[in-house]
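So, here come the structures, one by one.
The same chain A turns up in both complexes below, where it pairs with chain B and then with chain C.
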Partner chain A sequence: MNLGTRKILDRSFTAVGFGSIAVMGIALLIVLAPIIYNGIGSVFFTGTLEHRNMLFNEFGRGDKEELVKENAASEVYRKQIYGMLDAFEAELETMEPEKKQDYLSKYGPVRTALQTLIGPLPGEETAILTRYKYGQTRWEKAEEKLHEFLYEAKWDYSNPDVMAKEYFVSRAAEFEGTSLVKLFPYVEKHLPDVLRPRFTVYWGFLTDSSVDSHIFGGIWPEIQGTFFLAVGAMLFAFPLGVIAAVYFTEYAREGFFNSILRSANSTLAGVPSIVFGLFGLAFFINTLKVSESKSVLAGSLTLAIMILPTIIRAAEEAILSVPKTYKEASLSLGSTKWNTIMTVILPAALPGILTGGVISLGRAAGETAPIIFTAAVSVGSAIGLADVFSSPTPALSWNIYNLASEHEAAAEIRHVQYGMVLALVSIVLLLNLSAIFLRARISKKLKG
Partner chain B sequence: MMSEDVLKESGRSGAFIVSAQKRKMQKLAKTAGESILLLIASFVAIVVLFIFYFVTVDAIPYFQLQGFREFFTSSNWYPAGDPGEFGALAIIYGSGMVTLGSTLLSVPMGIAAAICLSDILPFSVRQYAKPVIEMLAAIPSVAFGFFALVIFAPLLQTQGGPILMWAWWILAAPFLLLAVIVISDLLSAKIEDPKRRQQISMFLLVVFGVGALAFLYWVGSVLQGIEIITGTNALNVSIILSFMALPTIVSVSEDALQAVGRELREGSYALGATRAETIVKTILPAASSGILAAVILGVMRALGETMVVWMASGNSSHIPEPWFNYLEAIRTLTATIAGDMGEADQVTGSARYHVLFAMGLLLLVISFISNLVSERIVVRQRKILSGQ
Partner chain C sequence: MTADSRETSQKEQVKTANREIYLPSERKNISGGGTPHVVAKDFSIYYGEFEAVKKVNADILSRYVTAIIGPSGCGKSTFLRAINRMNDLIPSCHTTGALRFDGEDIYGKFTDEVLLRKKIGMVFQKPNPFPKSIFDNIAYGPRLHGLNDRKQLAEIVERSLRKAALWDEVSDRLDKNALGLSGGQQQRLCVARALAVEPEILLLDEPTSALDPKATAKIEDLIQELRGSYTIMIVTHNMQQASRVSDYTMFFYEGVLVEYARTAQLFTNPKDRMTEDYITGRFS
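On to the complex of A and B.
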């Protein structure tokens, strides 16, 4: 090969390396950007009057006088809409039975669509589920629902070879010649007057409990559950891990037994997380019976086992990176080995050990599979500290899965899901960033 | 060694001051303390034993009830039927499929990134690249799963063809360009006359270049025509899993590359090799076993991952038609355990409950073996490198 080609190869080799690192960075961006953007939307958004009504009724927040005024202003336009509905219903009575039947079947969906848009219509029974008591609380959702109200979605199955295509039929056209036809342009024009959208900052998303399985309200029970589980896991794993690391670094002698212990450590680190879940179910719940069924305690214990190897490794590295001279100086002053460990080595290694602990805390907070069978429930209110030994808890990681894949209205509450993902990701990343920051400081300090 | 000597001396000097009985007590306390330490350190080993024991104990009843044959040979998975059918072949196949897919994507990228980190990037840049990898490793799997399900799957479903085409162009075009340059260079290398050599080389370059472009375009247009029926499929999961396995592969192989000493690198440079040649011909072979260990760990990460596959693989238990069709929904072992336990834990004691533990045992055994293998490999490499 001539030199030119070799140089090109060399350069392109470098480019491939840079490329893969760039791909990783871009992947991180692609994953994080929509999560951050949409997640922020769960706190900062354009809220409607319905949102403010909901907050006032469910959580007792908001200015009552202001609300009364706003509702009165909205009522002016609502009255018009209700009037049109009444007029059409009266008109229906005068029609021939066949035509009436036909219009009635079309009129039902219109009423339902209108109800989801602006809230319960007069003359209906009070709904039991909170979700039917209010209209759209977020303006961008309201615009979506407005489209559903104006147009009926239909599917075109005419060509069996390709996937069915969706197309829209204007509802106004279907009611041509009746009094209802005026309703559609009226609602389209005056929806902002009815719902009164306004920029809203809803910090309650982080501190409120959920209303009607996350249709309204916040994610506090999940945040608290995640906190309990992760901190509980650390309470068990951190002391054990540090003591084990002290043994491995200071006391263990090379030999068969020691190598088995080390193998056990790396085996434990490689066990798939779902197997930890199975083990937690079979051992902590079915055999030890630490609780009747799922509980925070069982979940924490399972998570503790999972993060133990990480903590041991981090603590070992931290202890090993303490300069040997520290130890020798202490021993030469007549201190015992145990005393040296407690007063010299561990304090010097503490930042490193804490770094590992913080990273493990993040891992415990983010992990889902081990808590599925041991601690997590889909719906529930925040539990008290006294209940951790007996009751399960909702947790961010589990509820993200649950809301995104199993919730009956998963597509309606995307903003809640994004909010949860952002909350979880920022908890974990903040923990990791602080660990990175801590480590940078340590390495600076060790360099002197 | 030195510290122990110091300790011994201090113990001896203590003998003059402390009575024999007290010394005995001290020694006893020391032994007791050390044994407590040992007990806590062996806690991990005990836990590993317990995990094996309890998963196996709950897995055995399944094999007693149903035997081994159905589990490994049938792909009829109807655990809720009466009598239930527990053929896990398609599920095992699905696990293998996404693991293979993510390995194919993540291994080349991971090794390239590791080389870049250890040999190419200057230290100042490396400081910023490492946190990126750490953050990628730190993002919870459920967040990746959410991304795969809510963002990536609809995108694949609506824009699947164009996405595949762009991915093909971006990935394949640079490599084909390189191949064209190298091939035309190699073919014209025999010619003595430098002027003619250059002409022929240019000619070959153009011919092969046009051929390569046509090939790129042809495959690209085929890919663009593909219509993806469901976005939650093996391809989606493989891509996401590959990003989750990347950090493991990068950090472990980087350690392996760093373990190869400066001497080898300097020797190779002294012989006139370029950096690429040094890395490919000298460093990679020396670090190969460590990199293999990294790959094994990465594979295990993909195989053991639950949330992403549960949310975004489609969870349909069948072997795709044809067998390599990554655009079909599949189901994996981990997702089956996670998904079926919710219904099975009311029927504790039935085959339906214990079959999930059988799957867990299978995962556990695979992870245990591959862990042992990768550990052996790393130990051997360290021995070889330190022996040199």
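On to the complex of A and C.
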């Protein structure tokens, strides 16, 4: 091969290498940017008066006097709106029955849309679900709902060859000639006066329980559940994994039995996580009956089984990478095998073992499938430490899935879902960073 | 070896066929030494089927320095490591015949290899301090054997470091990581670490092969200092080193102990043709 070809080959490898790293970076950015942007939006956003009312009523947070003042200011405009509704309702009574019926059928949705926008109207029964007790708590949602209030969405089916088209009809036009026609421009103009949007920092999103299945409130039960599950899994898997690794590297004799054990371990590492989930249900809950039904304990055990092979492998590699000379030195000083392992080999292998442990912890925190059948519930309050043996818990990974696919008002609370994703990604990232930090620190200490 | 004695030894150089050999200076006989400390009787070591050391018969004399030389793969390290049972780390390794330490069978059924290693210290080819502080390195052995009193430990650490001629260099940084020392210092630290357990025998497995000449000279001086207090066995590739530091020399070839004699005699007047060929550099 001549020099020119070799150079071209070398350069093309460099170029392809750089290229693939750049593609990865861009892909990561494309994935992460909306998560970060929207996730941050669950804490920092433009909140309305309704949000502050909700916080005060549900969590007892906020300045009461300030709220009273604000509500009074809002009431001025609300009164106008309510007055217009009353006037129209009175007008309806004077109409001919047919016309009245026609308007009534159009008036119902207007009322509902208005109620969604600014909260319950006077004269309504008190709602049971908390979500109906308040109007829009986030300004960007309020603007969306305002549009729904102002325009009726209709579908154009006229051309059967193409898909139906959505088009909007002004509701104001539908009420042309009645007193209600004034309502629409009034609400459009004075919505900020009614809802009083203001930049809000809601740290409670991370520390509050959810209210009415995540419509309001925060994600603390999920964060705590994830924490319990991951730490619980570590409690079981870490000691067991390190002991197993010590056995493999220091005590096991090479033989048929040992090679079977090793390949079993490797195979376990490749089993899909949903299989672990089903196994956990069948083994821990149905067979061993560690708890009556789903519980943090059962979930932790399942996660532990899932991350065990990774921990064993990481620990094994860490132990094998300890220079053999340390072991020789220790033994030559009259140390027992046990002592050598405890005082020389394990401390020297610690960076590697801990890295494996923390990465497994991150994996346990992020896994969904193993906890579906063993630990996770979609809605729940934060559980106490004493309840981990019997109670299931919400967890970030499972609730992200749940909010994305099964929640009845999924579209209304995308911000909560993004918030959860960001929280989970941050937790995993933080764990991995701490692993790197820990490794560097201990390695430095070992190297002197 | 002090500077003076090195000069004398240079005066004593003897020209052999094509190589300069330095003879050890006239050494004092060691009082109380010279009794058989380690005794091998038809002692063989196998790696699986392969016989690495073949039927060795030898008495290693107490408090003298015995060097083991021979070409690579001749079984000299294997023999050395058999004495404190470091070969146990190799699963396929087993022995026949007898190897006795103070009359007790090293490979006996009831021998506690941990106690044995406490009495037979070892220093390895590559300096292998633990990634701990200098103090903790030296104190490792005594702590293992149950000593926890900080003051006593400090005494042992100082004594051991002084014996290993390292005290003056490290006394002000005992709490620093031992891996920060130079290679030669690390090796002397390893000697000090071995001495801290107060062994009777010190096995040195090519202790200077990873060191520069200056550090090598220091280790050799150290061996001279320790001569008379410990039974020392040193495996070396370097024949000049063997002649400089040892009282007795064993020459191994392909697992066989070809010749075992006083160093001066072995290097000047070898009985065996093979020994002569080796020390004169006809093969290596």
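Everything that follows uses one rule, which is that the second predicted complex is superposed on the first by the 417 of 448 C-alpha atoms of A that agree within 3 Å, B and C clash if a C-alpha of one lies under 4 Å from a C-alpha of the other, contacts with A are read in each partner's own complex, and residues count from 1 in each chain.
Going forward, a contact is a pair of C-beta atoms (placed from the backbone, for glycine too) under 8 Å apart; a residue touches a chain by one contact, two chains touch by 3 or more.
Predicted model, so just to flag it, every value in this text is computed and none were measured.
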Contacts of A:334 with chain B and chain C, given as first, second, both or neither: both
Which of chain B and chain C A:287 touches, first, second, both or neither: first
Partner chain in contact with A:270 - chain B first, chain C second, else both or neither: first
Partner chain(s) touched by A:87 [first = chain B, second = chain C, both, neither]: neither
Chain C versus chain B, contacts on chain A by residue: B
Touched partner set for A:344, first chain B, second chain C, both or neither: second
Chain B versus chain C as contact partner of A:14, first or second or both or neither: first
Partner chain(s) touched by A:326 [first = chain B, second = chain C, both, neither]: second
First (chain B), second (chain C), both or neither touched by A:172: neither
Interface residues of chain A shared between complexes with chain B and chain C: 327-328, 331-332, 334, 336
Footprint of chain C on chain A - complex, ascending: 253-254, 323, 325-336, 339, 343-344, 347-348, 445-448
In the complex with chain B, residue positions of chain A that touch it: 1-2, 4-10, 12-21, 23-25, 27-28, 31-32, 34-35, 163, 240, 243-244, 246-248, 251-252, 260-261, 263-279, 281-283, 286-287, 305, 308-309, 312, 324, 327-328, 331-332, 334, 336-338, 359, 362-363, 365-369, 372-373, 397-398, 400-401, 404-405, 414, 417, 421, 424-425, 428-429, 431-433, 436
Contact footprint of chain A on chain C as seen in their complex: 84, 86, 89, 91, 114-119, 121-122, 124, 126, 128-131, 140-141, 144-145, 176-180, 190, 193-194, 197
Residues of chain B touching chain A in the complex: 2-3, 6-7, 10, 30, 33-34, 37-38, 40-45, 47-48, 50-51, 54-55, 57-58, 108-110, 112-113, 115-117, 120-121, 129, 131-136, 138-147, 149-151, 174, 178, 181-182, 185-186, 189, 227, 229, 243, 246, 250, 274-277, 279-280, 297, 300, 303-307, 310-311, 334, 337-338, 341-342, 345, 348, 356-357, 360, 363-364, 367-368, 370-372, 375
